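Take a look at the structures listed below.
In the two complexes that follow, chain A is the common piece, with chain B as its partner first and chain C second.
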Partner chain A sequence: MPRLLSSALALRRDPRILKIPPYLSLLCILVGAVWLFLLPLNEYSRRTYISENALLPGQVHTYFGGSDQNVLRAYKQEVNSLVGKSNVEINDKLESIVKGLGLKTARQNFTYSAAGRTFEGENLYAILQAPRGDATEAIVLVAAWENVKHELNKNGVPLVLTLARYFKRWSLWSKDIIILLSPDSIAGPQAWVDAYHDAHDSSRVASLPIKSGALQGAIAIDYVQEHRFKSVHIVYDGVNGQLPNLDLINSVVNIAGGQMGMGVALQEMWNHNDKYPDRLRTMLRGMLKQGLGLASGPHSSFIPYHVDAVTLQPFGEGWQDEMAMGRVVEGTFRSLNNLLEHLHQSFFFYLLMHRERFVSIGTYLPSAMLVAANFTIMAIFLWMKSGQPEVPAASTPESSDKDAPTPTAERDLFLPLAVVALSGSLSVIPLYVFNHVPESALTPLFYLFLVINTLLPISISLTTTKLFSPTLQQYHLVKSFSLLLLGMFLSSLATLNFSLAMLIGLLSAPLSFVKPYSSPVSRIVGYVLLNLTSPPAVLLASAAIWGLNVGDILREAAVAWHVTGTTSAVVVWCVWWPAWLAGSVCVLGQPAGQEGKVKRA
Partner chain B sequence: MKLFSLLLPAALLAAPSLAEHTSNWAVLVCTSRFWFNYRHLANVLSIYRTVKRLGIPDSQIILMLPDDMACNPRNAFPGTVYSNADRAVDLYGDNIEVDYRGYEVTVENFIRLLTDRVGDEMPRSKRLLTDDRSNILVYMTGHGGNEFLKFQDAEEIGAWDLADAFEQMWEKRRYHEILFMIDTCQANTMYSKLYSPNIIATGSSELDQSSYSHHADNDIGVAVIDRYTYYNLEFLESEVRDTSSKKTVGDLFDSYTYEKIHSHAGVRYDLFKGGAEEARRRLVTDFFGNVQNVEVDSGKGETNASFEEEMVRLSRTIAELHKRAEEQEAAERNATASAGAKTEKKQQTRKIQHVAKPLTDDNWWTKKIVGATALAGCAALWGLGSYLESVV
Partner chain C sequence: MDGGKVTVGRTAALYAGAAVLRLAIFTLLPDLPDLLTGRVEISTPVTSFKRLQEGLFLYNHNVSPYDGGVYHQAPLFLPLFSLLPNALSYPIFTYLLYIAIDLLSAGALWRIADSGEAGSSALFTSPRRERRWNGFVIAAIFLFNPFTIATCLGRSTSVFTTCAILHAIAKAVSGAPFSAMVALSFASYLSMYPLLLLPPLVLLCFDRQRPERANKSAVSFATTHVPVVLGVLGLLFGMSYLITGSWEFLSSTYGVQLTLSDLTPNVGLWWYFFIEMFDSFRSFFLAVFWLHLSCYVGGLSVRIRRQPLVVLTLLLGIFAIFKPYPSISDTSLFLAMVPLYRHVFPLMRYSFVIAAVIMYASFLGPAFYYLWIYAGSGNANFFYAITLVWGLGQSLLVCDLMFAVLRDEWELERPEMAGKEIRQI
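Then we have the complex of A and B:
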């Protein structure tokens, strides 16, 4: 044992051991990336299943239909006559309808401002009190007047009204049913949910005059299509990449797909053949949405409050009508009604790749963790390396005595820490600016920032070289500290928002391998290449790929920041960007003096 | 011991009616609550209805229901419980007596009920007032596992707990025969540890087998009955129409097939006196019905005796007892005759207490002669006295 220990200690001093970490780090990234692509295979993913015994999806006959169809037609008439009217006028009419059903109604005003715009409106909601329930719990049925694409929810609103009338006739509800009719799909539901949980800023969002019990689940209907549909699209992404309990999605899949015989689609995969490419595409789309952390429908705002919610969108050409859609909601509500406690049995962290196939956190987390670990490995490696004398000692490693301490170079920490702290504190500027300038200024400001972003590392590098003439050791330490922070943030983030951690991890992977180049040509090439992976460059590239306007993306981000509290911007500007800045300074670094020895190092 | 073994067959021959039971009791236990376990309550209620149909009165049925499905807000048919999607029979009806409800259904209460270790405050309706001539049907249903049965969500009863409770009942002479029936997952493990005599046990499924539900009612929205209970009921409804049915327990057990129940139902006979053969001969109504024989105390074959004859017999018995006591006394005296002086003294003092004896007719002539002699003596004394006076 002691011999083993001493040989291990000797191994520590072996110069060959110091060559391993960069390769290990590369291996981590490659394994992490390959891991992701293995997930859609049958061997790594699992079939979905209902974990919660109480749900019993699809076990009830649904009776929505018959004369309710006439009621729906009448409501549709009423709703059509309201098109183009003001929010208050619409609510006046809808409130009289809902009141006529014998439900308690109330309204709520909200005003948000973001990117120089004002988002204001008035929510209308009604509470159907469970006839035999105890009013301690409630489930929510949401129909926004317009969906996230600002299309009128022409069928959704009348359907929700009809369902409210229909549900009123049943006596079997154990929970109150809340009908929420909001003017838009993001701000309205957000204001309402915030106020329901008394977490609202009362200067912008009014308090709710009436409330019911704890929310147990929410279903939003986004039914724009006027003709008969074929399948239901389940939108489940919440704010900041949070997801509803998998049992809720499974229940809807079970009811719509199994009981009603409709198709079910996820992540806008309108046709899914359950083969590897489609699974991978579904998964990557889900990851992208999760990574962006934006609200994807009226349901998104519910999820941060631990209220499991999905939006259902009928699509396609088929023979299913509004009544079928109503029955899906009826069946889902009957299942939610069966619940005895909050949905908790199934997964909250998962990646769906087909309506009946998923991977859970235990299977996918290692990939993001490996990518994050590569930064930590490199940080430790660079720290060790910085401790070694830059000129190898005259005595060769073979002759070094075991008892003699390893020669340690003194580390000059001030400059590296200052550079890392500077890049970290500078990150507050883009975060603040992009979230607070008016919409019109966003695009010019972005291009200005692009230029500044390109020049900033050069100016920092020139200034430090001129003032402090940093050594190679100091460059190593700059990189070490910045990678240490990056690895730490990303590994923590991976447990909260896997996709975002994975995306940032892969995009900043080159930072692990940059170093000060001695020749000016390779320095410039390195810098240009690194600039291609800078946050603004990536933003520009993705805007080009999806045919979007950079200004629109930034506006959405600002709106998400102010309305739904999306924190992806913090990760981009305060985690990724500083790391990139520190990496760029390293690439441009011209270590003082020892050009000849740098090559050896 | 030898004497006992000699006497036992004699007693059995002399009194065949002794081997039969004189009362029927049923302990029907559901151990799960919550709406999605509707079927377990329906299982128990349908067995409850069957034993009531076959004559066991509510006072002799202990019904344990941890939840109230009839009044659950989720119930589309308020106030009812059905065990079949045809909803022909409302099991909750208007004549139902639940003895233990809600959180009263615990392992402790169940074991206390069986062993009758209850406080004074426990009403008679909640006690199992059985004796050594009572046949008991114990039916349990809920969620079980290997050698345990979950009670509500907080606790569980183990197979050993159950076995020990039954043993205590046997020791306290609280039953004559028991039919133990259980419908849970891995039910057969629950009776594997029983070790008390006169128990027939049957369960729905083997180790590592689930017990499945039979069908769901799509308006109530839940499964309404388990397969094992369903087919037991089917047999009881179709074959045991009234208490005169001669169907045996063996017939009932033979009706279980894997095709019907979808698990391997088990039966255990080895605890029963006479083994499988004897156990299988028991009538279904011996446990599910209220058919019993009348046992008359010790007066077998004797006609009604008049009060006087009774009294004569009583006095004779008393005389006999006296005689026996005297004999015993005499024997005691003989035995202690050779004992030391001290003990003799004690014997004498004790004898003084015995002096006050009732007068008897014994030694009549002796006493007369003594009396005559005494009188003659007195006369002689008087004659002597008067002669001496005349002389002086």
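Then we have the complex of A and C:
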């Protein structure tokens, strides 16, 4: 072993070894990307299963139906008469209905301001006290007055009222049931769940007058369509890419798909044939949503508080009616009611590719880690390269002695550290500005930033060249440090939000391979190519691909930042952008030593 | 990075810069200190500022501070912090105290650096000693180390121990053995583990005696100075007894460290081990762990007899890894001492790997702790795994520094081997 080690150490000095790392890091990126595309295959994904035996999904007979249909029709009439009225008027009427059922009700005001807009409203909620419980645990049933697309939840609200009336008649609940009727799908539930856990800013969000026990789960109903439906769409993405426990999704799939015989869809894949392309598409859509980290429904705000939650959306033309939807909720609530402890058995990190197929973190994480590792490999490689003397060792007579190791060149760390620190500290500016200007200024500001972003590396490069005339070694060190930081952040991020780490990792992969070019033409070509992968350019390109307005995207990001606390912007501006900036400065670099060499030759 | 010429202005600018930076963070981000105080990486059961507040409350209400089993720190902190206005209503005084302690530590470190002990001790003079950083740079590295700043913001009471240890070493290198012993007694009184630094510190004092009243025999030198430590410790214990009115504090402060009765997670390697362990093995493994921690003292003092300051540095690194309740504060003390060995840095082989491992661990640690405690999607193994990596990074640094120092000594003995690859045969 020692012999092996020492020969490995001797090999370290071999010049051929230094040629390997760039290829190794390219290989890492390729393997990481290919890995992702292998996941939907049968060999790499698994069938879902219920881990928590207490859930027993679909094992109970559901009784919702019959005369409840008449009740629902009556409530629908009442709700229809409220369309177009103000939030307070709606709540007055709904509160009188819920009070009439014999539930405790309360209201909560909230005001958020973001991107120059104000989001305010009043939540109404009611607590059905469990006949067999002691108010230590609760399940939440949410219906927002309008969904994320601002369509009126015309069937959802009456259905929740009917279910509340129906649940009140049963004596088997061992957990309190909280009915939450919020004016919108994002800010309202967020304010409520923040206040429920006393994590709210009391200047903007009122505290809750009455509370129940620890929340064990939440189901939101987003039932817009008026006609009969075919399948249920389960929305499960939480804020910042967090996901509910897989057992909850499996239970709903089991109850809706198995017991009730309706279809189940995920990630807006309305028709899924369970073949490779559809699986891949479902997975990639899920990853994109996870990476963006935005709230996708009323359930999203619950997940950061470790309350497993999903939104159920009926869709399609079929023969299922509101009663069937109600039975799905009833069945799910009966399962949650069985829980003896918080959902913890099944996975929290997974990628779903079909309603009954998933991959867990152990299988997919290596792909993001490989992409992150490529940056670390390059950073180590550049560090070693920067330690080699610029003058070839062959010119010195002592080099004939084989035992003598090549001397390590002294590294000048100050300038590289300063450049990396500068690009890191500049990143606070776009982060602050894009989250704090009013909506109307966002689009012009973005184009202004695009221009500044193009000129900034040029000016930094010119200034440093003029003032410090950095050597090639210093450029290597700039790149080494920035890649080291990037690799470090991405590997940490991969454990928190896999998709975002993967996305940023692939987009910044070109940064591994940039270097100061000697000829002006290749320098310009390199800079232009690098500019195509800059954060604002990618934002512009994705806006064009999905046919969205850049201003709208930025507004949504700012709203998400202020209301739901989405942190994707931090990753984009404070991790990706500084690395890109340092990379661009390297591409534009004109190392001082290089010119001398050209002159000598 | 050579620091240039050190003038009074530059010294003042460095201290003022460090103080202003800390004060700015304290005042501009008022929530940050409390957030950091709650982090397990900074506050351990034996250094936490929150627990100090609890003890202080009980003390000021004439209840024994050790009732309730939350407070595990030395009793003399209580009168000190009772003198300050309430930390909740007037936090500025507490902030100023902690900033002052950091500056005092930096001052001691500066004196250690300027003594040149790291490059040339009484028995050994490194041929590379010319390449060193002066006190200004060393103090700046300490003051602007993120770990030091985080510890200061988290108001962990380990900064007092750090300050006492650095002063003990500074007094030792400036030929004041009596003061060094007193400072070490204070450090030992506050945290107990610095007592293990006594043998190398006595050697350092012996080597750096003033020539006019030098004691030629190491044995008689030790027999005159070790009693000083015992005397001062006895005095401090006596004062503690008078303050708290019972000897209960001994078991609540030192007993907790010896028996690891509080298993709050930290960046060390003990807590997980003792959570997993069956109770019947507990006392045996406590003995083994303590024996392991203390066995380095003798070995290193003998092997690197010619450079006692190296022994102290390496021991501080070893304590930062293996002591029962380590925090990043111990790492910051070790990292403060490492730059003194600038002259052997070229001999170190893994400096980049060490830097990368320590940085990776310091980012992944909080991420995994978050997954475990807040998101609920990870478990204790996540965080423990990363503390292992953290320990690995530091132990690599300890080993590499030791390798570099020994190689430096060896090249003086065998000049013909200078610059050659070493091989184990």
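The rule we apply is simple: the second predicted complex is superposed on the first by the 580 of 601 C-alpha atoms of A that agree within 3 Å, B and C clash if a C-alpha of one lies under 4 Å from a C-alpha of the other, contacts with A are read in each partner's own complex, and residues count from 1 in each chain.
The criterion applied here is as follows: contacts are C-beta pairs under 8 Å (C-beta built on N, C-alpha and C of every residue); 3 or more make two chains touch, one makes a residue touch a chain.
Computed from a prediction, not measured in an experiment: that's the story for all the values here.
Chemist: Per the contact definition in the header, classify A:Y75: touching chain B only (first), chain C only (second), both, or neither.
Modeler: Neither partner.
Chemist: If you tally the residues of chain A touched by each partner, is the higher count for chain B or for chain C?
Modeler: C
Chemist: May I ask you to decide whether A:Y223 touches chain B, chain C, both, or neither, giving the answer as first, second, both or neither?
Modeler: neither
Chemist: Of the partners chain B and chain C, which touch A:Y350 in the superposed model: first, second, both, neither?
Modeler: A:Y350: touches no partner chain.
Chemist: Who does A:R132 touch here: chain B (first), chain C (second), both, or neither?
Modeler: first
Chemist: May I ask you to decide whether A:S171 touches chain B, chain C, both, or neither, giving the answer as first, second, both or neither?
Modeler: first
Chemist: For A:W573, select first, second, both or neither according to whether it touches chain B, chain C, the two together, or no partner.
Modeler: It touches nothing on chain B or chain C.
Chemist: Considering only touches as defined above, state whether A:R334 meets chain B (first), chain C (second), both or neither.
Modeler: Once the two structures are laid over each other on A, A:R334 reaches chain B alone.
Chemist: Touch test for A:F446: chain B only (first), chain C only (second), both, or neither?
Modeler: neither
Chemist: Which residues of chain A are in contact with chain B in one complex and with chain C in the other?
Modeler: On chain A, the chain B and chain C contacts do not overlap at all.
Chemist: If we count contacts the way the header does, which residues on chain A are in touch with chain C in the complex?
Modeler: 2, 5-6, 9-10, 242, 306, 342, 344, 348-349, 376, 379-380, 383-384, 403-405, 407-408, 413-414, 484, 488-489, 491-493, 495-496
Chemist: Help me check something: in the complex, which residues belonging to chain B touch chain A?
Modeler: Answer in residue numbers: 34-36, 72-76, 78, 216, 218-219, 221-223.
Chemist: For the complex, which residues does chain A have touching chain B?
Modeler: Its residues touching chain B are 53-54, 56, 59-61, 130-134, 170-174, 334, 337-338, 340.
Chemist: Hey, which residues of chain C end up touching chain A in the complex?
Modeler: Per the touch definition, chain C meets chain A at residues 1, 346, 352-353, 356, 359-360, 363-364, 367-368, 370-371, 374-378, 382, 419-421, 423-424.
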